[in-house]
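These notes open a run of structures that come right after.
Look for chain A in each of the two complexes below; its partner is chain B in the first and chain C in the second.
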Partner chain A sequence: MPSPALAPAPTAPAADTADASPVVLRSITQRFGKHTALSDVSLALPAGRIIGLLGRNGAGKTTLLHIAAGLLPPTSGACTTLGTPSGKLDTPQLTRLGLVQQEGRYLEWMTVRQHLDFNASFYPSWDRDLEKRLLEALELDPKRKIVQLSPGDRQKVGILLGTCHRPALLLLDEPISSLDPIVRRRLLDFLLELLRDDGTTVVISSHILNDVEKIVDWVVALEAGELVENSPFDLLQESYAEWTLTSAAGALPPSFAEPFVLQQQSNGHQAVLRVRTTDTEAAARLAAAHRAELRTRPLNLDEMFPLLTDQRRRRS
Partner chain B sequence: MPLRAYLTLLRPVRTLLLGLINSGCCGVLFLRYCGNCSLAEALYFTCVIVGPLIFGDLLAGPAHEFMNRSVFPLIPGARRQLRRQHLHGLLALAALLLAAASAVPSEFPLAAQLGLIAAGLTLPLLNSRRVGWSYFVLLLLISPLLTTGPRETFVAACQAAPWAFLSLGLLCAGFCIRHIFSASFAGNYWKMSYVVSIQTLAPFYDTTMMQRRREDNERRAIAKRTRPEREWRIAAVGTSVREWSRAIRHARFGGTSWLWSEPGIVAFCAFPVIVYGAIPLVFAYFGRGNAISLQEYCGMLIAGAHGTELASSPGHFAFTSLPYTSIMVTMFASSVAAVPTTRFPLSRRRLADSLFVEMLRLGALGCLGFALAYVVVIVGAVLVTRTPIDYSLFARALSHIRILPTVVLLGIAFVFSTVRYRWMASFGGYLLWAAVGGALGGLAMAITESILGAYIWLPGLILSAWLARTAIRRYYATHDLNRLMPWVARFAGRCA
Partner chain C sequence: MPPLLSIDLHNGVPAYRQIMDQIKLQIATGLLPPGSELPSTRALSADIALNPMTISKAYSLLERDGVLERRRGQTLIVRERPAEAQQTARLDPLRQQLTAAAHLAKQLDVPPAQAVKLFRELLDS
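Let's look at the complex of A and B:
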C-alpha cells in the first residue's frame, strides 16, 4: 500500500480533461539505443496555465518537449498536440505552437533582423509591436549577425523566434539559464503577460527555480524518465512544509518514523523535518506526541525539488 | 604523458588498420593499376613515399586533436610530453616502413629511403586544420612523378645524392616537429577551428563530433565573410510547396553569393568531365615510352564522342564520367537537407515535398554543368584538331545528358532510403554508394546507347522521380528533425 505521504503515481489523463488539453501524452516511451529517456509517461497538460517542467539533468525534459513539438517521434505511445497527433502537425497547428530550444539551431549568416523578418513571413499572426518591445526588453541589437552573438544573446534570439507569433502553446526549454537577472525578470514578466492577454499555455523547464516559482501555477516533475509529479503548484505549497520541533521536556527521538516525513535532521532537542501531508492536524499531533513546540514554514520550489525528484526512489 | 595515455589518444589498432587499408588502396592499387607500375615498384613506393604520408597523417591527427582542446594548455608539461611520445611513434613507424621497404628489391639507396620516410611521416603535421582531402591532392600530385617520365630523373637523383635526400628529409622533419610543438603554436591552436582525427570519426561519419566540427567551421567561415548576403523580400510565404521551397533555398544558400551557389554548382558538376578528360591526358602526355601529343589526344576524344562502346581508350574514358558526375550531382542535390528544418512550420510531408522541389532544381543545375562540360570538351577538341563541326559528335553526349537526371533521382532515392542504416555513414557506405552510382550510371549508359533507350527514357524518369519523392517523404515521416541527415552533415560544409 503506498505511503500516504507520497503522491500517488500520476495516472493517464481522463478523456474529458484530455480533450481540452493542449498536450496529451499517453504511455510515451522514448529510447535512444539502450538508453531510455522517457518511460511510460502519461499526462495531459492543463490549458491556459504556466507549467513548470522540473527534473534533474538527463531526466527527460528536453525529450518530452521535443516529442510534444513533433520534432521527435516517440518510440512508443501517442502524443497529441493542439488536438493533432504530434507526428502530423501541420501549418495550422505549428503557427500556434512556439518552441524555444535550449540549443537552438539558427541561420548563422543572418543578422537578428534578417532572421526575424524571414521567420515572420511564415506566421500570419506575427506581431511586429511585440517583436519591437521584446527586442528592447531583451536588449538585443537586431543588426548583429547571429554567428557573432554570445550564448545568452543566442538564447534571446530563440525566445523572439518562438514567441513573436503569439502562440497558443509555448514550450520553453531552459530559456533563462544564460540570461542576466535583469533580462530574466523581464522575460518572466512577459510570459505572465502572454498568459493574461492571450491565455497561452506555457511550459517552461528551468533549473533556476527561484525565478520560475514566481510565475508557475502547475508543476510536472520527471525523474529518470518517469513522471513523478503532475499537480497544481498551490497544492504542492499546501502539502510541503518544514516543521521545526523544539522539545523543552526531553530529548527528541533520533529519527521520526511517520510516513509523511521525507527528510529530517535531529540533534536531540531540536528536529527539522521536511514533510509532505495534506492532513492539517498532523503537525499538532506530532507536537503533542513529543511534547514539543512546533513551527511550520512552507517550502519554496528549490527546497521541494529534491523531495519531488526523490519520490521515484521512495515509491520503488 | 605515460605511454598508456598516449596509446589511448592514438588508438593503435584503429590507426594500423586505417593505415593499411589506405596504403593498399591509395598506394599499391592506385600505382599498380592507374600508374602502370609493376607490383614491386608499387609496393616499394608505397613503403617509402605514399605510406609515410598516410601513416604520418594518422599519427598527426590525435596529436592535433588533443592540442586543439581548450584543456591542453592547462595541463602542465603536456606539450613536451606529447612531442616526446609523438617522436617515439615516428621512430617506430619509420623502422617498420624501412623494414617493409627492404623486403622489396629497389634501386633506392638506404639514405635516400630514410630521408623520404622522414619527410613523409612529418609533413602531415603541417595539416593543422585537418583538411581531409589535402593528402589525396598531395598523392595525386606525386603520382605522375612516380609513374611517368620524370620517374627516371627522380630515381637518378636519389642514387646520385642520397645524402642530400637524407639531409633534406631530416631538415623537413625537424622543421615540422619544431613548428607544431612550439609553445607559440600550441598556445594558440586551441582557439582555432575545431579539429577531429580520422581515428575519432571512423568507422562512422555521422557522429555528433562531425556535426559539431561542421557547425564550428561554418560559424567561423560566416564570421569571416564580408560579402553581402541576399535579402529576403517576401513578406508572407503562402501555402504552396513552391513558395516553401524558395524559403528553403534562401535558408540554404542565402548566406552565399549567387556566383558561388548557382554557377558554382554548375561548375562543380562539370568538374568530373573535365578531370576525366584530363587525367588520361596527363598520363598519356607524360607516359613512359608512349607519349602522345595534344592533337593526337583530341583526335581520340573526337573518336570517343562518336563511339558506342564504353571506355576502352583515353578518348572514350572522358565520355564515361557519367557515373561519377551522377554521384556529385546527387550529393549537391541532397545537401539541400542541411537546413535547420525546425524553423519551418510545415508538416513533415510538406517539408519533404518542399525539399524535394529544391533538390530537383539543384539537380537540374548539376545536369546543366555536366551538359556544358561535354560541349566544352567536344568544341575544344574540334578546335585543336580543326575538324569540321558535325552534330553527330554530340550524339553520345546527348544520350548521357538525357539519362543523368534519372540516375541522379535514383541516387537520391538510394541515399534517403539507406540513411537509417548506420553503416552507410561509414567508409563502407561510401564505397557502396560509389559502386551503386557507378553501376546505375554504367547500366544507364548501356541502355541509352541502344535503341531501347529512346523508349524507356521518359517512363524511367517519371518512375525515378516518384521513387525519390517517396524515399524523402518516408525519411522525413520519422526522422528526428533536430538532427541533420548524416550525409549532408558531412558534405554541406561551407556551402551555407
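Let's look at the complex of A and C:
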C-alpha cells in the first residue's frame, strides 16, 4: 500500500459530515468526438454554499453538471458525488440529489399536477407544503398540461421536480433564463431558504449575472472546457478593481506592465486600469510612483466576468 | 428595533462589507445604541434576502473588531465602548466621504482654502 500522504485516495471520504465536499472532480476530461468539452478539470465544491457556475456558451457548464449528476460518464478522470463515484449513485443517494436541466424532458401528456404526483411517488422526502408554496411563488397553474406550457412555465416545472424532495445537493442549469424578473427574484429567495433550512448545497449556472450575484457566495468559472476560477465570491470582489490614475503633468506611461493589470487605457493624463490584486497597498504605490491622483472602485460580477474568463488566454 | 439595511449587490463592494459599514454607521449615529440586539443570522438572511454565510461573516468580523459582542449563547448585541472609540467610529464614515471629495477637489484644481470654505458653508447651512 502506498502511503496515503503520497498517493491521493481514489475516492473521497463519505460526504455525510457537514463540511465534506458534495462534488469532487479529479482530472475530468470529457470529449464528444473531436470536441473537448472539459479538459483536465479538478475541483472540490464547498458544502452548504450557493455556487455560481459561470462561463460563456460552450464553456462546459452543462457537461460538468451532467457528470456530477451521473448522467454522463467522463472520458477520463473521476467524479465523486455525495461521497459516491457519480456513475454508481444508487437510489438513496439519488434521492439526495436534485437536477434542474436547461431543457428538461417531461411526460408531456400529463398535467403539472399529475407529473408532480408521479415524481413524488419516487421520493419519501417529497415535501407537499414546499410544492404548494413553490407553485404559488412561481405562479404555475397545476391544472395545465405540460405540452401546452410556455418555455418559462416548463422551466418552473423543472424547478419543482428538481427541488420538492429537498435534495442535499441541487444542481440548476440555467434555471432562470426564461423567468420574468419577479418570479426570478422569488426563486432566488427560495434557494436561499433551502440553504438556511437544510444547508443545501446549490450549484447554479447562469448568464444572468446581475441576478446570481445576489445569492452566490462562491464562484466556479469555466472557459473553453478549462477551470479558470474556483474562489469565494467576496474574495473576488476584493481582488478585482478599477483604478483611475490622473496625472496633472500628463506623465503617465502609454501602458502599464504590472502583472496585476488585466485591462488598460491610458492617454498620458488619465489611465483606467482593471486589476486583480489582493495587495491593498498596490494602488497607492502605483499612484505615488507616477505622481498621480488615484481613485479606485470595485467591480461587479458583470464587469468581472470577461476578466475571469480571459485568464486562460493570459496565462498561455 | 432591528437595523434596516440596504445592500447594493451590484456596486462591487462585498455584501458583508456593506453590512459592516451600515451597522457601524447606525451605531455611530445612535440608531443602534449599546446593548441593542442584532437579529439572528437566519432572520436577517430572510429579511434582506442575502446568503446566511455573508451575514455570519459580517457579524463575526464586527465581533472581532469589538463592535458587537455575544451574550447568553448566541444573541449578538452592540457593545458598550469608551467615548474615544465612539468618537473615532463617528469620524470613520465621514472620512470615507471626504476622501472622495478631496480627490475631486484636487482634480478640479480647487484651492484647499476654497474647498475648506465650501465645507464650512455646508456645515453651517
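Note that the second predicted complex is superposed on the first by the 296 of 316 C-alpha atoms of A that agree within 3 Å, B and C clash if a C-alpha of one lies under 4 Å from a C-alpha of the other, contacts with A are read in each partner's own complex, and residues count from 1 in each chain.
By our rule, contacts are C-beta pairs under 8 Å (C-beta built on N, C-alpha and C of every residue); 3 or more make two chains touch, one makes a residue touch a chain.
None of the values given here were measured: they were computed from a predicted structure.
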Clash-or-fit label for the pair chain B, chain C on chain A: fit
Which superposed partner A:Phe305 touches (first chain B, second chain C, both, neither): neither
Which of chain B and chain C A:Phe260 touches, first, second, both or neither: neither
Touching partner for A:Glu213 - first (chain B), second (chain C), both, neither: second
First (chain B), second (chain C), both or neither touched by A:Glu293: second
Contacts of A:Gln237 with chain B and chain C, given as first, second, both or neither: second
Touched partner set for A:Thr95, first chain B, second chain C, both or neither: first
Chain C versus chain B - closest C-alpha approach in the superposed model, Å: 29
Chain B-touching residues of chain A, taken from the complex the two chains share: 66, 70-73, 87-91, 94-95, 97, 99, 101, 104-110, 114, 117-119, 121-124, 145, 147-148, 161
Chain C residues within the chain A interface of the complex: 9-17, 42, 45-46, 49-54, 57, 100, 103, 106-107
Complex contacts: residues of chain A adjacent to chain C: 48-50, 188-189, 192-193, 195-196, 210, 213-217, 233-234, 237-238, 240-241, 246, 293-295, 297-303
Chain A-touching residues of chain B, taken from the complex the two chains share: 218-219, 222-223, 225, 229, 231-232, 234-237, 239, 247, 250-251, 254-255, 340, 342-348, 350, 477-478, 480-482, 496
